[in-house]
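Each of the next two complexes has subunit A plus one other chain: subunit B in the first, subunit C in the second.
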Partner chain A sequence: MKSGFRHAWVELSFAAPALILFLIIVVWPFVSSFYYSLTQWDGFSKPVFIGFDNFVNLFKEPGFLIALRNTLLFALAGLLLSNTLSLALALALNKAGRAQTVLRTIFYLPGVVSFVTMSIVWTMIYHNDGALNQLLRSIGLGSAGREWLGTYDSVMPALIVIMVWGGVGFGVIVFLAGLGSIPSELYEAANLDGAGPWSVFRRITFPLLMPSITVVTFLGLTTTLRMFDLPFIMTNGGPGDASNTISLIIYKHAFSYSNYGYATAGGIILFLFVCVVSMLQLRLTRSKEVQI
Partner chain B sequence: MRALHTSARAERQADRISAGRTASLPTLRVASQAATWLAGAIFLAPFLLFFLNTFKDKSHIFDAFYMPDLTDLSNYRTMLRNTDFFASLSLTVVICAVTLFFIVLFSSMAGYIISRSERRWIKWMYALFAAGQIIPAQSSMLPLYKLGVATHLINTPVFLIIIYVAGGTAFASLFFAAFTRTIPQALEESAFIDGCGRYQTFFRIILPLLRPATATIVTTTVYWYWNDFQGPLIYLNAGKVAPLMMSVYKFMGANATVDWGPVYALCFLSAIPMILFFLLTQKYLLKGLVVGSVKG
Partner chain C sequence: MKNARTRKSVQALIPASILALGLLTACGSNSDAGGSGASGGSNAGSAENTEAASTAGGTASGTATASGAPTQDTEAFSISVASWNLGDEPLGIVKAYREAFEKAYKVKYPNATIEYKNTPGEAYFDLLKAQMASASAADVVQFQSAQLPLFAKAGYIADLSDMPFVANIDGAPKTQSSYGGKVYAAPFDLNSNGVWYNRKLFEDNGIQVPKTWDELMQTAETLKAKGIAPFAGGFKDAWVASMTVSVFLPNEYGSDTFEKDVYNGAKKLNGPEIQAAFNKLQTLVDKGYFGSNALSNGWDLQRKDFEDGKAAMIIHGPYIGGLVNSEMKDQGGMETGFFALPSDKGDPTLSVSVGVLTGVNAHTKNVQRAKDLVTAMHDTDAIIIRDKDAGVFPAIKGIEIDYKEIGNKDFLSVLGSTKSMIQGQFMPASVGDVYAKMFTKMLAGKAFSPSWLDEADSAFTRDKGLVAPPEQ
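Now for the complex of A and B:
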C-alpha cells in the first residue's frame, strides 16, 4: 500500500466539502460573471445580451479612467514606499536583539486593526482642526495645513500614508526572516575581501532577499489593486473622482445605480488588471532570484 | 518543520554577523537604531490618539494635544445605550469561530488527500485552489449576491459564513497539504495494518498531528473575518444584528457629524479583542508567516 487509495470515492469524500463549496461559491459566480459582463442587467429582469458595449462604455467614462489611474497609483506606492520602508526597517532591526522583538510588534500592530478602524482614526488626524494641522501650526508651518481629505492634490497621498502605515509590518516580518536565512559565511568572506556596506547590500543581501521580496510584493499588489474600504469610508471616492478606485466604481454601479451588467464588466477588468500586474511582477522578481 | 529549524539557526547566525559588523560600523548602527525607535513612535502615535479620543467630549475631540479625564466613561455609556454592542460582539465571535472551525475541518481533509493521492483530478483541484486566490471579490460579487437572493440566505450570517469558508478553505488546503507532506506515511500504514479505516486514521492519527498548522491558520487568518467590512456591506447589510465593523460603520454614519466620542468608544472596543489576541499569539503568527513565505 503505497500512497494509492483503493477506492476513488474515499478520496472524493475527503476532498468533496472543500471542492463543492469552492465550485459553487467561487468558481461558478466568477465564470458566470463573464456572461453577465456582456449583458445589460439590472439584477431583477432578464439580462439582455449586448456584446462588448459595457467594456467600451467603461473606457469612455472619464471617472473610470481616473479610478484606473488611482488604483495603479495605490499599487505603485505600495510597491515602492511600503517595500522600501519595510526593507529599511528590517535591515535596521536585524542588528538589534531585544529592540527587534518590541519594534517588530509595533510595526505589525496596525495590520491587526480593520480598515474601518484605520479610517476612523485617520479621519480625525486629517481633519481641518485635527492632529496633522495642529502639528504643522506648532512648528510654524500652519500655512501648509489644509483639509487633507477634501483637497484634490492631497487626498491620494493622505490615503497612501494610511495604506503604508497599515502594510509595512508584514514586509518587516518577512524580510527579517529572509535576512536571517542568509548564511553568515557570505558576510564573513565579504568582510575579508574588504567590501563596503553598500556593495555588501547590493551583491549579497539584496539578491538573496529576492524570494522574500517576491512574496511581499505579490501579496501587497493583490491587496492594493483591490483597494476599497479606505476610500469608501473616508472619501467615497471624492472630492470629485480624485480618490475613486476600480473596486469602488464597481460597487457604486452595482448598488447605487443597479447597473449590474456594467458593474460586472468592471469586475472582469479588475480581474484582468490584477492578473497582468501580478504576472509581470512575478516574472520580474523571480528572474532576479538567485540560488546559493 | 524543517523550515522552523532553519529559521532558528539562521537567527543565531544573524546574531553572530551583527556582532561581527557592529564593531566596524558603530555610528551607522546608532543612527539606524535611533531612526527605527522614532519610526516606532510615529507608528504608535495614531493608537495613542485613538485611545485618548474615546474619552474626549464634543468640544475637544479634534484637539490632539488635549488630555482628557480618563475616568470619565460617558462616551462608553452613551455608546452602550445607543448600539447593540454585545449582540454585535457575540455575532462576530460566532461568525469567526464557526468559519474557522469549518475551514480547519474541510481544508485539513482536502490537504490530506492532496498530499497523499497521485490522481490527476486531485492535482487539478490543487491548481484550481491556487488560481482562485487571485480572483478579486468584486469580480464575482453580483452573481454571488443573486445566489444569496435566490436561496433566501442573503442578509443572514449563514451566507456570510459560507462565503468565508469557501474562500478560506481553498487557501488553507494549500497550506495543510504542504504541512501534511512532512508527516511520515509510515504512521498511517501501521494504523492501517491494525485495522483502522481511512477516516479513523485521519481523525485519530493525522488530525492531532496537524495542530501546529491549525494554530498557524487560526492566528494568521482570524483577522480577515473579524475585520472584514466588504463582506457584511454586501451580503449582511440588512440583518437583525450587524457584525462589529458594520455596526461601527453604521453608528458613525448616524453619529459622526454630531458626536464622535461614542463612535471612538465603539471602534476601540471592537478593535481591542484583535489587538489582545495578536499580542498573546504573535509567536504562532510569526512562525506561520515565516514558514508560509519561505515555502510560498
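Now for the complex of A and C:
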C-alpha cells in the first residue's frame, strides 16, 4: 500500500506543473466568473453582490433577445449554407482531377485573407455607391439597390454572405480529406450493383463522410455561436440592434461600459448556450457515423 | 486493490482541494480594490459650477513650466508616459510637441530619458485599465474624464492639487480634473462639438449662419434644393452617431442640472426633454438632410463629402477646422466656420469637456519627477506648438494662440460667448450607446417612437451604480 501511495505521488508530481497552471489560468478564472456574474463590478472597485439581477436584466434587455436570435441565425446559416456549399464543392472538386489543387487553393484563399482587408473590401462592395449597387444599376435593377449594411432587411443576409464566403474553404478541405479516405472498392461494388449517383451518395459517401461532417459542424457551430468580429467591424451591431450578437453585447458591456459583472453574466449564458447546442449536435451527428 | 483505491482517492482529492482553494481565493479577491483610495471617498465630479467654458479665451497668466525648478537633478533615469495620442502623425505636430516638452523637462533633469508607450485607439483604454489594476502602468498616464473618478477612487492616480497648473484651471477643466475635492490630473484641451460649415459654400449660396432651429431648417432646405447635402453623414462609425446625438441633447435639457435631476430621480430619460431631441433628429432624417450615404459612410468618407463640397455642414469637434484645412492643402486649403447647434429660441447650450487628462501613477517610484513631467507637458511653448496647427484649444488659462484658420477663431469665439454645460458626468456609457442605436435605427427607416427611450432609462437604472454620484 505504501509503495502504491508513493507511486501516486510520483505520478501526480509529474502532472502537477501542468495541472497547477491549468487550474490557475483556466479553472480559477472560470469558476470565479460565476461569482462576478452575481455582482455589479466596474473592474476596479469592490464588486457589489446583487444576486441574479444581471441575469434578469439581460433577459429584460430588448437588444439581448434580438442578439440571441441573430446569433442563432448565424449558426443556422453556417450549418445549412456553409456546410452544404462546402460539401457540394468538395464533391465537385473530388472529380476535378488535376484542377483540384488549384481550385482547392482558390476556395481556401478567403480564409487566409486578413479580416481587416476583407472588411474594407466588403464595405466598399456594400456601400450605397459601391460595386453591388452599381452592378444592379447596370442591369436595370437599380431600384433593388440600398445601403446593404444600413437597412434592416438586408444587413443580416449581407453579413451571412461574407461569413459563408470566408468559411466555405475550410469545409471543402476537410470534406475532401474525408472523401479521400473512403475506399474506392465500395464505389466499384456499388457500380457493379447498378447503383445510381444519388444512391451512392446516400448509402456510401454521406454515411462514411459523417466523421468529417461532425468535425466541420462542431467547429462551425462553436465559431458562429461566438460571432463577434464580423458584426463588430462591419456594423457594430447596427443599425439599431439588427446585427447585434451575444458576444458583441458582452464586449460592449465589459469594455465600453465597464460593467464587468453584467458582461460575465452574458458570458455564462453564452457558455451554456454553446455547450447545449454543441452537445446536441455531437450526439446527433455521431449517432449517424458508421465504421467500415 | 486497497492501494489502488487510496491512490485514486488521493489523485481526486488534490485537484479538488486546489479547486476549492481557488474558489475561496476567487471569492475573497479584490476585496480591497476600492480601498486605499486617495480620495477619502467623497463624490466624483465635484462640480463646482456648470459654467463649463469659462476658461476659453481666459486671460490669467503664469502657466507653470519646469524651468522654475530650484536645482538640477543630474541623475540618469528613465521615465515613461502612456497615451493614445503621443504617436507620430503625418504633419509632425506631435513630434514637435514631444521635443518641446522634453526640452522643458531637461532644464531640471538633463539626463532623463522619456519613454513613450503609445497605443492608438480604443485599445489604449482597455490596456490602461488592466495596467492600472496590476500596478504596471507608466509613470505618467493620459486618460479621459470618464476614467478619472474610477482611477482616483481606486487610488491608482496621485493627488496633484499642489501643482502650479491648478491655479490656472476652472470651469469644465477643473471639474473634470477633480474627484472628491482634489485635483488628480492636468487638463490639456477643451472639447466641444457643434456644427462646422464650408465657408465658401455658404458665401457662394448667400447663406448666413443660422441662429435658430427654424433658420437652420431653412438653410438646410436651401442647400438641398441646390443639390448639396446639408449635413455630411458618417454614422457607420458608432462614435460619430453617438457624438451627433449628444450635440442635440443640451439644447433640450432645459436646465444645466438635467442630468443631475435624472440621477436623483426627479427627471427621466424617457421624458419630454430627450424626446424633443430625437424628434429633431427624426426631422433631419425624414427630410434627407444627412444625404443618401449616411449609414454607408464612416468618419473618413463623411469628412471627404464635406471637403469635396458634397455636404455643406458637418457635426463634429474642434479638430475639424485644422484637419480639413491640412487635408485640402493641395487645393489651397479649406476655410470653415463654426456655430453651436441652434435651439428653438436662438439661445443654444454647448456641452464642453476636456479631451485629454494627464495624471501621475500613484505607484510610480518618484512622484516628484513624474509631476515635473506633467508640468513640462503643459509648458506654454510646448502647448502652442501642439495646438496651433492642429486646432486644439488649451484647457489651461492664459495661453493665447493665434490660430491661422478662421474656423478655429470662430470656435473660440463661440465657446467664449455661448452658454455651456458639462454633459455626461452622471450618465453611464451604456445610455449614450442606446441613443446611438436609436439614431441608426431612424436612419435605417424606422420612425422614432418615444417608447424606444424606455431602453435608455432601463440602461441608466441598471448602470447608474457604475458612475460617481453628483455632490448633493
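For the reader, a short list of remarks on this structure follows.
By our rule, the second predicted complex is superposed on the first by the 269 of 292 C-alpha atoms of A that agree within 3 Å, B and C clash if a C-alpha of one lies under 4 Å from a C-alpha of the other, contacts with A are read in each partner's own complex, and residues count from 1 in each chain.
Here, a residue touches a chain if its C-beta (ideal position, glycine included) is under 8 Å from a C-beta of that chain, and two chains touch if they have at least 3 such contacts.
Everything quoted here is computed from the prediction, not taken from an experiment.
Judged by the touch definition given at the top, the superposed model places A:Y152 against subunit C, while subunit B stays out of reach. Contact with subunit B, but none with subunit C, is seen for A:P197 once the two complexes are overlaid on the shared chain. Looking at the superposition, the partner that touches the larger set of subunit A residues, subunit B or subunit C, turns out to be B. Looking at the shared chain after the overlay, A:Y187 reaches subunit B, while subunit C stays out of its contact range. By the touch criterion defined above, A:S278 lies against subunit B but remains apart from subunit C after alignment on the C-alpha atoms of chain A. Once the two complexes are laid over each other on the shared chain, residue contacts for A:V10 go to subunit B alone; subunit C is not touched. Of the two partner chains placed by the overlay, neither subunit B nor subunit C lies in contact with A:I66.
Judged by the touch definition given at the top, the superposed model places A:V112 against subunit B, while subunit C stays out of reach. Of the two partner chains placed around the shared chain by superposition, subunit B and subunit C are both touched by A:D129. After overlaying the two complexes on the shared chain, residue contacts for A:L221 are found with neither subunit B nor subunit C.
Shared interface residues of subunit A, touching subunit B in one complex and subunit C in the other, are 1, 3-5, 8, 11, 19, 24, 27-28, 32, 43, 127, 129-130, 255. Across the complex, subunit A is touched by residues 6-7, 10-11, 13-18, 20-22, 24-25, 28-29, 32-33, 35-37, 39-40, 43-44, 46-47, 49-50, 53, 61-65, 105-107, 109-110, 112-114, 116-119, 122, 125, 128-129, 132-147, 162-163, 165-167, 169-170, 173, 185, 189, 192, 198, 202, 223, 226-230, 234, 245, 248-249, 252, 260, 263-264, 267, 270-271, 274-275, 277-279, 282, 286, 289-290, 293-294, 296 of subunit B.
Those residues of subunit A lying in contact with subunit B across their complex are 1, 3-5, 8, 10-11, 14-15, 17-19, 21-22, 24-30, 32-33, 36, 43, 89, 91-97, 99, 102-117, 120-122, 124-125, 127, 129-131, 134-135, 165, 168, 170, 173-174, 177-184, 187-188, 191, 197, 211-212, 215-216, 222, 225-226, 228-229, 233, 246-247, 250-251, 254-255, 260, 263-264, 266-268, 270-271, 274-275, 278.
Remark: subunit A residues 1, 3-5, 7-9, 11-12, 19-20, 23-24, 27-28, 31-32, 35, 40, 42-48, 57, 60-63, 123, 126-130, 147, 149-152, 235-242, 252-253, 255-259, 262 touch subunit C in the complex.
Residue ranges of subunit C in contact with subunit A, taken from their complex: 2-4, 6-7, 10-11, 14-15, 18-19, 22-23, 25-27, 29-35, 122, 126, 129, 132-133, 150-151, 153-154, 156, 236-238, 292-298, 428-430, 433, 437-438, 440-441, 443-446, 455, 458, 462-463, 465-466.
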